[in-house]
Amino acid sequence: MPYQEDFLLRAYRSMRTIRQFEERCIKEFMGGNIPGFVHASNGQEAIAVAACIDLSDSDIIGSTHRGHGHCIAKGCDIGGMMKEIMGRSTGLCKGKGGSMHIADIDKGMLGANAIVGGGPPLVNGAALAAKTLGTKNVALSFNGDGSANQGTTMEAMNMAVVLQLPHVFVYENNGYAEGTAANYGLGCDSLTDRNSGFGMPAECVDGNDFFATYEALKVATQRARDGGGPTSIEAKCVRFDGHFIGDPQLYRGEDEVKNARKTEDCLKIFRDRVIKEGWLKAAAMNAIDKEIAAKIEKAVADGLAAPRPDPSTDLLSDVYSSY
Amino acid sequence: MTNEIKPIGMPKWGMEMSEGEINAWHVKVGDQVNIEDDLVDVETAKIVNTVTAADNGIVRAILAQPGETHAVGDLLGVIASVDTSEDDIQAFINSYATNSEVVFIEKAPTMTEVANESSTQVEQNPSNTDTLSGGEDDSNVSASPVARRLAADYGVNLNNIVGTGRHGRVSKRDLEAAVTAAGGRLISSNNSVPNKAQQGDDSDIKATPVARRLAEELGINLLECRASGDRGRVCKADVDAAAAMKNKLPSQVAVVAPNTSSSESQTISSMRKTIAGRLQASKQTAPHYRVHIDAELDNLLTTRKQINDANTDTKVSVNDFIIKACASALIRVPAVNVQFNGEQITHFSDADISVAVAIKDGLITPIIVGANNKGLESISNEMRDLSTRAKLNRLKPEEFQGGSFCISNLGMYGIKQFDAIINPPQGAILAVGTGEQRAVVRNGALAVATVMSLTLSSDHRVIDGAVAAEFMSVLKGFLEQPATMLV
Amino acid sequence: MTTNTNNSKIGGKTSIKTYREALNDAIREEMRRDPTVIVLGEEVSGGAGCDGQDDAYGGVFGVTKGLMPEFGRERVIDTPISEAAIIGAAAGAANNGLRPIAELMFFDFIGVSFDQIFNQAAKFRYMFGGKSKTPMVIRGTVGAGWRAGAQHSSMLHSVVTHIPGLKVVMPSNAYDAKGLMVQAIRDEDPVIFLEHKVMYNNECEVPDEQYAIPFGEAAFPRQGKDVTIVAISNMVTHAIAAADILAKEGITCDVIDPRTVSPLDDEAILESVEVTGRLVVVDEGNPRCGLASDIAGIVAEKGFFSLRAPIRTVTAPHTPVPFAPELEDAYVPSVDKVLAAVRDVLGA
């Protein structure tokens, strides 16, 4: 068996947590318990987990506005996440960041970034710090297909090559930059080809296939850790929900999502594979499903009961370290 | 032809200048002048400066002679071309309207000021505001919202006003210039401080009675004052502040004479200013007269000893007795227990006694409220507490503002007798001297007694001589026979 | 086409429109009238290259809905997510015969495009001796109140007001929005047009015909003689509410909506302060180097002797915009804070 049972269970648990967390967020948002904007990543779980499963807390990831999955895959506490998304003072960011700015630097999660293309230069910085301090840590940025066209992303790629930084650029190409087709916004036919033009190894994988994605990322991450510089991994996937929760998604074809849930669900594909290969039993995964359902339930209950921030103490704090 | 005639006017150098004295002319009639040439030296309260030519031309008339004082805006001379007829020059001089609204500002004009100067050019035949009120519907005339609103107040039709404001609209300045040029008077709202062009009729500025009176005494125009009082009124503090501002003019800096021993000048503190202002106002306003009586204190001293021996906690002082005696006397002769603000007399049913306490750099008068209802021990404790806190600057305003009567005691310095100045709006003040052994005559024989001199200064507007005398007589009685206060 | 001045409204047939619809009107009519007007930005139509509906968004706030179906993708251009390239393209196109309306979906995205705005578009006319013109409009959505978090809720108008060469417009209602947008499109200079995100559904009577409101002329939604309240964008609503509460107590206010921050109608403000002597400035921006301090400074310098009390400003605090609702609500100046400031300057 090429994969340890423990590894497979961890992978499944992580993906399943993301799936359940996101679908519960959708429900809670529609129920009015979550303020502001939320961008759900259900459908894209495999990439997040494949990228983060071998990373330690001192490896760094940077994320996008669609960052819950990355957060969970990197090991952030879902209770603290739910409280943050609900705007409570005991959330990961004391309620001051919300869904789009969820972060936990102790776990190596630099933060969700609401500015498209805001992440890559910062992750370059994390990679630069690792290289300078000789820590052997790697940095990984998650990028959407839309952000590929932002100047900052391209500048970061070039600089990562020039400085040979331990930065793995992960592109989650879910086919849509908000409400515009990925292909429309990309002048070339293949993002991977364009990225290799920057001077780094570039590979395209099926993001719905956990194992294919994992293998590619394993190589890229090791390359970075060994001082071999940056890599671009484009993983094609599907997002099951809208650009934001509540998006009417008029730009998607009829039944597009319904069909995708049938044939392009990375969790289903994982389950089917591990059972077929005899690597895991269905019962084990079902038990995990139950366990996570309970955990999510608790996270939501705790979130709803959590205290709200107090303007008289919380509004003006944390602007500076000293002033 | 008349367009060629240019006035030489008395300029306005700074906000406070209202007139200037002609010192010396640099040109004479017939001289050719160019723009910025020196014309005439003018001296004001603050500076000596030179009026320069604003136009090219020939000096055709000089109207203001050295030594003469002229108001800002007055015509000092005329510049015109060599061909302009004398008749035209004379007509110009005759019809020159010297109201202070026409000002010549000697500084680089901003864009809007240049435009406004031309729009405030003197009319040859000034008309009245009736000519500004007629015209077609002006709702489409471009005007600023404030100008439009004020035009309605003035009854002026905007079609009659030249607009030099933003984008050529009629501005507030355009409107006011047109109104004053046509001989009208600008509406001074309660909230407006006049611009440089306005005269200072402050009669409809909202002010407290005290502030208004004080402003009159000090020669302050209420238009110059902040209005920080209740409901937007000018209050006394605002008048004080304006007075203080006035006293800061550089021309009033003291000149130190040479060859004197070293001395040091410093600006007085605001407390000192307040004391100075109040007491000066009091002396100037209230007609003070004095009634003097001596009281023998021997009985009082015996009583005091009895009380203090019996009471180990509090030691009452002679001054505490005086406070109590005054309070009792005020109840007996209530006509002295009054305040007067120049218009209204306020009678008090209790005696709130202000006691003067010397503090660093000045004095303050904490109040024993209702002293007539308090025993000597209460009075003593209260006085001790107030006096201590007064010296530490920890009195609350209500503890020293108010009071119906004041006592000032300089006895501790050995002063035999003195006169005090009334603290307005109180009606009277008692000055207490030291108690000392003096020779007295009793039944035709010399004896020795402890005697104290008391002098009451009263405001003759509200306290007549007989009343003051009666009060002092009663007070003497209480001091010489303290037991009678128990009745 | 009539030009509106004098703080009066133009006549003619009107209907109730939302802020969003008024903007849509203005842009559409200008695009019909002038073939050089184009619209570009992210999701200004939406659905490009997708299998679903065309014009899927019409702008994420719906302001440009219906334009692509009428004018086609040559004139209503969905772009990749590349703000610097979008703004730069608009500026260059403006130099060369087009009148582009470029959109920054959230004005916070000015960050990634700032060079093209402040170093390029703003400076062309001046640097090139008056020969170059840049008749472009940059539309951006500003403001807090939607719990959108720190990177989607900024105001930032004071940053662009500070830059010479730019004009900055912030309509507070649907009527002004339409008239100012028409003026912005016809203006020969780069105009930053800032729409507050909570106002898109606000309605009022808006004329059906096209009209332009000149820049630099303030509106006075309330008039009075006791206090001057200057407010901008969404704060105008608060100022009006405060003025109406005070009117019941016999205190009347001049509420001044400058409508355009650059150029600023300082004359109207100074005139009002000459009458009232008291000034409160309300601005949702942060306090340092902000619009409130700018206006306070102008009045302190040019209208000092009119003042009967110190000027009060009411602004957000010196923090980023917080996410949690309780904190965001404490961040944005409220009607109560405006009232307290007015009572303060009245000394009441």
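Just so it is clear, A, B and C label the chains in written order, and each chain counts residues from 1 on its own.
Keep this in mind: a residue touches a chain if its C-beta (ideal position, glycine included) is under 8 Å from a C-beta of that chain, and two chains touch if they have at least 3 such contacts.
Predicted model, so just to flag it, every value in this text is computed and none were measured.
Distance from subunit A peaks, on a Cα-centroid basis, for B. Contact analysis places A-C first among chain pairs (by count of C-beta pairs in contact).
Chain centroids computed from C-alpha atoms place C closest to the centre of all protein C-alpha atoms shown. Each chain gets a centre from the mean of its Cα atoms; for subunit A and subunit C, those two points are 36 Å apart.
Mean C-alpha position of subunit A lies 74 Å from that of subunit B.
Computed centre separation for the pair subunit B/subunit C is 48 angstrom, with centres defined by C-alpha atoms. Of all the residues in subunit C, the ones that touch subunit A in their complex are 42-43, 46-53, 56-57, 60, 78-85, 108-109, 111-112, 146-152, 317-320, 322-327, 329-331. Interface of subunit B with subunit C (complex): residues 15, 112, 139-150, 165-167, 169, 171-173, 189, 191-193, 195, 226-232.
On the side of subunit C, the complex with subunit B involves touching residues 5-8, 214, 216-220, 223, 225-226, 254, 265, 267-268, 271-272, 274-278, 305-306, 308-309, 346-348. On subunit A, the positions that touch subunit C within their shared complex are 35-37, 87-89, 93, 95-101, 113-118, 146-147, 149-152, 176-186, 249-254, 256, 308-311, 314-316, 319.
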